[in-house]
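After this come two complexes, each holding chain A, first together with chain B and then together with chain C.
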Partner chain A sequence: MVSTEADYLHIVTADNISAARIRFGKTIMWASAALLCVVGLVQYLDSQGIVSLGFETWRPTLYAFLIWASCLCWGQVLLYGERGKLALFVLPAALFAVAMVVFPLIFALGIAFSNWNLSSPTGRQFNGLDNIRQMWGDPFYWNALKNMVWYTLAIVVEYAIAFGLALALNAQIRARKFFRVAFLLPLMLSPVAVSWMIGKSMLEIRFGPVAHLVRELGFDQISFFGSPEMARFMIMAMDAWTFIPFMMIMILAGLQAIPKELHEAAEVDGASGWRRFWEITFPLMLPVSITAILIRIIFKLKLADIIINITAGGPGGATDSVTSFIFREYRDRSNVGYGTLLAIVYLVLIVIAMTILMKLADRWMRPRY
Partner chain B sequence: MKIDLYKYAVAAGLTRRGLLKGAASVGALAALGGLAPAGRALAGGHGNVRAEILKVPGVGMGSPTDADWQKVGEMCLGPTMERVAQGEFAGVELTFMGLNNQNLHNFLFRGFLKPWEAYTGAKINWIDLAQADYNARLQQAIATGTVDFDILEMGAPFEGDTAGRGLLDEMPGWVSEQIDESDLVGYLQPPVGTWDDKKYRVTIDGDCHTFAYRKDYFGAGAIGGETVPSTWQEVNAASKALAGQTDPLTGLPAHGYLDPLKGWGGFGFYFIANRATAYVKHPDDPAWLFDADTMKPRVNNPGWVQAIQDVMDLIATPGAYPADQINADPGTTAFQQFLAGTGSMLMWWGDVGSSARTSDTSVVGDVVGFGINPGSDRRYNAAAGAWEDVANEAPQMAYIGWGIYVTARVSGDEAKRKAAWSAAAHLGGKDLSLWMSAYPSGFQPYRNSHFNYEEWEAAGYDRAFVEDYLGSNADSYNHPNAAVEPRIPGIFQYYSVAEDELAKGFAGQYASAQETADAIAAAWERITDQIGRDSQIALYKASLGV
Partner chain C sequence: MTQQIFRDSDADRAFRPSWFLGRAAIYAVLLVWAFICLFPIYWTLTTSFKAAPDVMQGNLVPWVDFEPKMLGLRSLGLSPETIFAESTVRAEFLKRFWNSVIVALCSSALALVLGSMAAYGLSRFNYRFSFMKNADISFFFLSQLILPPVVLALPFLVLYKELALLDTRIGLILLYTLTVMPIVIWIMRDQFSSIPTELEEAALVDGLSIWGAFVTIILPIALPGMVAAFILSLVLTWNEYFFAALLTSTNANTLPVMVASQTGSQGISWWSMAALSSAAILPLILVAILLEKYIIKGMAAGAVK
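Up next is the complex of A and B:
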């Protein structure tokens, strides 16, 4: 541990911590840790039927964990005084995160490598890498992953549109405030509402107003979700319609933060509108743009509700997303083990992809000047 | 009865005069000693109960309220009183898990059971679930060993998951007697509701698919032909012939049979099964989805492949289906297509018949007719591995209907057990069931005694309407070759994966119907292996009663 004497800037009083206090602090920390281990172990043995103590719930372990967490926090103060109190700002949150994220993740990993169909009388059974082998040969999963690549690529177009809209709303146009609110409206709608209102009603082939308009324009037998390409495009369009405002509002905020002087100076220097955009606005907007795109990618990778409601992944899997496929595997087929593995693999893929993207973004965002 | 059906009966079938006439005749008949036919339940001892409960609140007097449900519950307490002493269950507390669809199901049960609670002294706690949450809640409770309910409203397809695992309590003999089980329609008789010859279910509902068609498409000089198709061969021929013609009602393109080509959370599989049962449900064999001895799927045998091929033939016929059919699930085919005037033939549950006349968006109310599932000119004999040139009919009892079950939680406590079964028997009582068929409850008629049209007429219903509505159901229910689905664990998993593979087949991603069917069979084999082949075989045989 860092000596308190050396850190005069942050420490108000130097603690005189007695040896007895240190002993007591260590005792309660280790004792509570031992209690947690013992209770956890006993409950595990009970749940496995090795010993029979009649536990009905796992609450004793939860209480032991809470006691341990409290003692750990208290122990920090006892052992390190003022500095220990500083640790209390972070430690409870860290313990909470460990309890709510890390533990479940470990359990999820356990489930992911299990054969666990809720209908199976044998319950959960460890099956090693079988789920990975099944995933490797599962055309539905790879098809969904391929679709996700298409869906994610569509973000480039969404970004361009969002940028254009943000520029328009940043300009001195009439009824600017009205348009800013109006353009935000789609973002306020639930994707489930969008899928029903637009996908199921407006695009309904026979009575939907859009289909009606298309027929009026002279097209016959239009089918919005009939062919794979068209269906995929329509899903992309609906998702884009919902989330372009999100990118737009972020970019708009960025645009408003650019000092006017830069544009005025460029104008004085005789730069054209396009050059002003390309040399000033766009580079200065890169950090905001990258952030908006990264967040949008994260949103996009979760795309499921519109697909589940409108196409159920069809026709023939053309619109299936990884999440909508996992939804079917998990909910409709109660295939908990395999479904969890697919979700974990997807999570790992996302983490890797996002890390690479952020590294690249970091490089792109370095000023060129 | 379904809500919309009731509304129709009220809106279209009744005039005020007719109602008064009906009420008067009910009164008169009641005075003469009741309407119930021979073989009535023990409630028969309460002579006019059946006629009296049909007056609460009175057909056409608005939707029943909680007060009405309580009143009916009280009037139907007779059989309970014969077996349970007042206050006998004092101190007994039970938990009931059921649905809250359309504010029916559990809402009614609460009202019906309130007088039962007051009489017996028992107390019931309620777990209300939305339909979408039901399966997950039940499966998780089973899988994690946290069954926290004593009485359960459940569909028969889940009997494999529950009874098959010893989670249910066997029905005592007195319950069968109290609810007069012999009155149940044919297909709801054992083996449905039984496992290893033990009874577990108090039936409160019936389900089946019936055939709906447009009368203006068929008949002398009509565009669909002289007669209504009665086999799938005729259905397909008519559908192909209708391509390119004009709908006589809407003036838009005419279409024939409406196959849903998109999945519906597993429920879409029932619709390809409608076609297949005519080919593969052999009268000598109760099994039609799997071989009972091996759980080898039959879904890729020539009969099933023919059913898939029939659909593919129509996909390949330009104009046979509406333009967006590949994206049409069963909800679309029924409510957005058939009822809205697109297409001329459909298979569905009873809702379509009622909605045809009650829904604001329906335009086919005056031209809709009903029949049973189309048959076939020939059938496939899985045992012999060959086609037989014998006509075959096999209406599909899709989903089998809801029942009340008691869980094994009460098995060790005789008072609690009797209380739970008494509550279940009260809800499945013969007289109460008549009221549930006649008023909005979410349940369909399911007893032979529900098909006494005089009773309905006396209560104030329009006779022609009731006969039309109930007739096709009755014919399907009591068909000697009815196709009853396997009540094995995970049955909806099989349906769900089949939907995914069928979607690929219909989108042209497999080379043929056979290849599509083989893919389904392979996926089914994997599910069987995962759940456990030996246990599935044992449970399948138990569910078939073989």
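Up next is the complex of A and C:
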């Protein structure tokens, strides 16, 4: 598992591995693998009703998997000695990730092409491409995808605000620690609590403080979640409120890494503050900015909690994100198959979009000076 | 010694209005944003002490506008006069709170252990699992960050049902571990690659095994990074709502699920909602105030190379 060529940390050990030890290692690895296969097969036959052994759950297979995973790790040490112990650093995490991501994803592909209503007694029925056809004609799903584009575009504004705040924090100011902590706090808050605190109480039309303020300013007819544009904007604003600190801190770290000499040199050369920003700070911050924006996009694509709790997608699906749409799709109709297909299509779209973005980012990040 | 030789030129010592204006603008921006950040928290905390009329009139300052009452705490069975009495609400609340604590702490710890080990291995040795080399393995771990939770949610619903893990804490812990492990690996890989390998080489020469060197020498050095990774995981797992809402019903509900379910049913009694929300946000606010330096360090890890 571990190759010997050119480690960053090279280790030389004299392992004396006896033939019996190798035999024992191989035996437990294969025996546990066989056990896993047999238990899995028996459970499968049982669930299909071919043999009846009365299994309540699939737990035995889970335990067999755990035994196999432990034996695999142990076997590495038995077979390869010291080099096997190095494999133990990565192996547990890898086995965990494979069991929790790769296997469910393959399983999800199976569900996605079936009609499976969890509450109906008929169980899972393979229905081929029906789900895709249904998705093609589902205006709400396309609407949710379109909303995601809007939500993602809002990141540009968030980025501008975060950059401005980071610049202000990076200036020579007093009470910097207070401001840093205060700015950090929104990121710590649970989105569900935020959706009550801001969405349901502060924006309450009759006596929320924001409504008071707006009325003081002379607007009469206010409704924060009445019109589609307004509702979408409010969701964007709330999400921005929680996540601006995140971008701000990354940018601040980047700003602090810029050597002061560059600014001093430019100042001696007579560059104004505005030009110093555009010709020194901003270009130097490009790699950090792109990293921050990419991570922010990744988090934005998971946006759901606030929407589920405040608008539940309304009015008329104007605020739906894909995640909140699938959540309601499942809650209302408990159709696992269709929901999974929508999610997988979303995943494919995300992977394509992120790959393109990362390629572009890679090109932009190459220094041109 | 009477004459000062070096001094600022007159131009520098003169009053410069533009400099002061810039200063004032920076402070104005900072104060406005600090207000925007802090006001919702202040509003939530004070609302839990307001009676209905105070809420209606939009009173803001305690003891000036309104007289604080223990309504919020009483509704959770935690006010001074109810704390010794039997209370089903309090039992319910404490159970959810406890669930949240256990799930967040266990999953963060598990992710930290698995993630640090993997990050250390990947930063020190060359692996090859069939066709996958180090770069591919790192990518495999980090790419899970892109995976939106909704893709895994429904398959896990079905799998957990089959495995009888639905509505259990263990099920949630495993899933949360999965969601935060890429972040831990990201931060810790950065951390380990900044530690020189000479340290381990010296330890190996002195007779430690590589695991001994990892545990007794490298981990203590990387402790600040581990704290940062742990806190970030804690924030994400404590606040997680989506999986908890789908996969738990009565036993393993976490606090966010409880907060969300209250808004839907019964006419909103503001003080109890405010008290609940406060309970959901206060632990992390404390963490943020006390450990701010680590959080910032953790988030900056990926930014600056």
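One rule holds in what follows: the second predicted complex is superposed on the first by the 344 of 369 C-alpha atoms of A that agree within 3 Å, B and C clash if a C-alpha of one lies under 4 Å from a C-alpha of the other, contacts with A are read in each partner's own complex, and residues count from 1 in each chain.
We take it that a contact is a pair of C-beta atoms (placed from the backbone, for glycine too) under 8 Å apart; a residue touches a chain by one contact, two chains touch by 3 or more.
The shown structure was predicted, so the numbers you read here are calculated from the model rather than taken from an experiment.
By the touch criterion defined above, A:Ala31 reaches neither chain B nor chain C.
Once the two complexes are overlaid on the shared chain, A:Phe207 sits against chain B and chain C alike. Set against each other, chain B and chain C touch different numbers of residues in chain A, with C touching more. Contact with neither chain B nor chain C is seen for A:Leu153 once the two complexes are overlaid on the shared chain.
By the touch criterion defined above, A:Val192 lies against chain C but remains apart from chain B after alignment on the C-alpha atoms of chain A. Within the superposed three-chain model, A:Ala87 lies in touch with chain C and out of touch with chain B [touch as defined at top]. Applying the stated touch rule to the two superposed structures, the overlap between the chain B and chain C interfaces on chain A comprises residues 116, 118, 206-207, 336.
Listing the residues of chain C that touch chain A in their complex gives 26-27, 29-30, 33-34, 36-41, 43-44, 47, 55-58, 60, 114-115, 117-118, 120-129, 137, 140-141, 144-159, 161-164, 174-175, 177-178, 181, 185, 197, 200-201, 204, 209-211, 214, 235, 238-239, 241-242, 245-246, 255-257, 259-260, 263, 268, 270, 273-274, 277, 280-281, 284-285, 287-289, 292, 295-296, 299-300, 302-304. Those residues of chain A lying in contact with chain B across their complex are 115-123, 140, 204-207, 221-226, 228, 231, 310-318, 328, 331-336.
Across the complex, chain A is touched by residues 135-136, 139-140, 142-143, 160-161, 164-165, 252, 261-266, 322-324, 326-327, 329, 336-337, 340, 342, 489-490, 492-493, 496-497, 499-500, 503-504, 506-509, 527, 530-532, 535 of chain B. The touching residues of chain A, counted against chain C in their complex, run 1-3, 5-9, 11, 56-59, 62, 82, 85-90, 92-94, 96-97, 100-101, 104-105, 107-108, 111, 116, 118, 164-165, 168-169, 171, 173, 177-198, 200-202, 206-209, 212, 241, 245-246, 249-254, 257, 288, 291-292, 295, 298, 301-302, 304-305, 308-309, 322-323, 326-327, 330, 336, 339-340, 343-344, 346-347, 350-351, 354.
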